[in-house]
Amino acid sequence: MPVIQVHMKAGCGRQKRRELVRRITDAMVEVCGSVEDRVHVIIDEVPEDSWGRGGVLLSEIQSTPVKESG
Amino acid sequence: MPVIQVHMKAGCGRQKRRELVRRITDAMVEVCGSVEDRVHVIIDEVPEDSWGRGGVLLSEIQSTPVKESG
Amino acid sequence: MPVIQVHMKAGCGRQKRRELVRRITDAMVEVCGSVEDRVHVIIDEVPEDSWGRGGVLLSEIQSTPVKESG
Amino acid sequence: MPVIQVHMKAGCGRQKRRELVRRITDAMVEVCGSVEDRVHVIIDEVPEDSWGRGGVLLSEIQSTPVKESG
Amino acid sequence: MPVIQVHMKAGCGRQKRRELVRRITDAMVEVCGSVEDRVHVIIDEVPEDSWGRGGVLLSEIQSTPVKESG
Amino acid sequence: MPVIQVHMKAGCGRQKRRELVRRITDAMVEVCGSVEDRVHVIIDEVPEDSWGRGGVLLSEIQSTPVKESG
């Protein structure tokens, strides 16, 4: 019965989504005794431009120039 | 006041979304006495490539070849 | 497959929840062709003390004294 | 630790998303004592074609012809 | 960065929640390369009286009498 | 129109919830031009026993024994 919603950064790719669904489903079945066929995993890939952490958009955290020492 | 979020497979089309919004809103008003103008229905159409059921992506469940007896 | 989350004010009662689940499920089946047994409706009843509208908690909107003219 | 999900009409633009993330994060830090770096704000911009209010899609509320007298 | 919300039937117990959090977090780290300390798992245990499947509340599905043959 | 869902640790208290609702609503109105009366803020206070970060329940992160020298 469980429904699992995953919010993660976009750009994961089908192979990883497939593996993630497999592992989260197995966790629900093995830990909680869920019926496998009733486990739903919904993956929401969020653009870095729509996710803020620490008050800053992820897209802008990553564009911070990194100083290199000489 | 109620907020209803619908997660469903993508590809529904505007005509069906319109009808869905109408019927869910009516249910809230008639069953729970909600004020119609305050009922919000948010439809999130999820790609079959981002939804897993039973440990498998929907996009891959459906590509299972069906054997036909002969 | 669809998953519908309903956020509504607390205090609805089982009879109304039962009816709501019935009607929302029927809407999904009849409008979108969903498989009935795969329609999930999750009802989250939110205390009026945890829901704000127009910048004010619902619990405090309703306690506003109403002035009556003499 | 808090996670804030904002569901709003699409079309906001990066500058406004940036400012929104800043202000919501500040509110969490100043009001609730959250650790800034742990505040997550996820913005979900919903197409007007997928949001119903009062039983009608937003995209169709706005296309209502306005009668002009005169 | 990822945020995972688990909606499941109430009554899981702390030991299982602890194990679930561990396994889902590991999946995010190993499959998607997430930074462990930034993986959030929020478990929402839903009463059977507030979850409908197939148009019926879970609390009422389970009270269905099972006929036994003699 | 916007709907903002806040997931935070339980134990905030009404005074802080009231202030949070006020500030988030103001941010939506001032930054995005939302109509104040249509801004909804839903606060979900999550028990520390149901929230994992870094693979560990918050309730158990905090119960980590602190070694004292001396």
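General remarks:
Lettered A, B, C, D, E and F in written order, each chain numbered from 1.
We take it that a residue touches a chain if its C-beta (ideal position, glycine included) is under 8 Å from a C-beta of that chain, and two chains touch if they have at least 3 such contacts.
Note that this is a predicted model, so its numbers are computed, not measured.
The chains that touch chain C as well as chain E are A, F.
The interface holding more C-beta pairs in contact, when A-C is weighed against A-D, is A-D.
Chain pair C-E has a twin interface among A-C, E-F or B-F; that twin, with over half of the contact pairs alike by residue number, is E-F. With centres taken as mean Cα positions, chain F sits 17 Å from chain D. A straight line joining the Cα centres of chain A and chain B is 21 Å long. Chain C has residues 1, 3, 7, 20, 24, 40, 42, 44, 51, 53 in contact with two or more other chains. With chains as nodes and touching pairs as edges, the resulting graph is of another kind, matching none of line, ring, star or complete.
Chain pairs recorded as touching, per the definition above, are A-B, A-C, A-D, A-E, B-C, B-D, B-F, C-E, C-F, D-E, D-F, E-F. Interface residues of chain A, counted against chain B in their complex, comprise 14, 17-18, 20-22, 24-26, 36-45. Chain C meets chain B in the complex at residues 1-9, 12, 16, 19-20, 23-24, 27-28, 31-32, 34, 51, 53, 58. The part of chain B that touches chain A in the complex is made up of residues 7, 44, 46, 49-57, 59-60. Touching chain E in their complex are the following residues of chain D: 1, 3, 40, 42.
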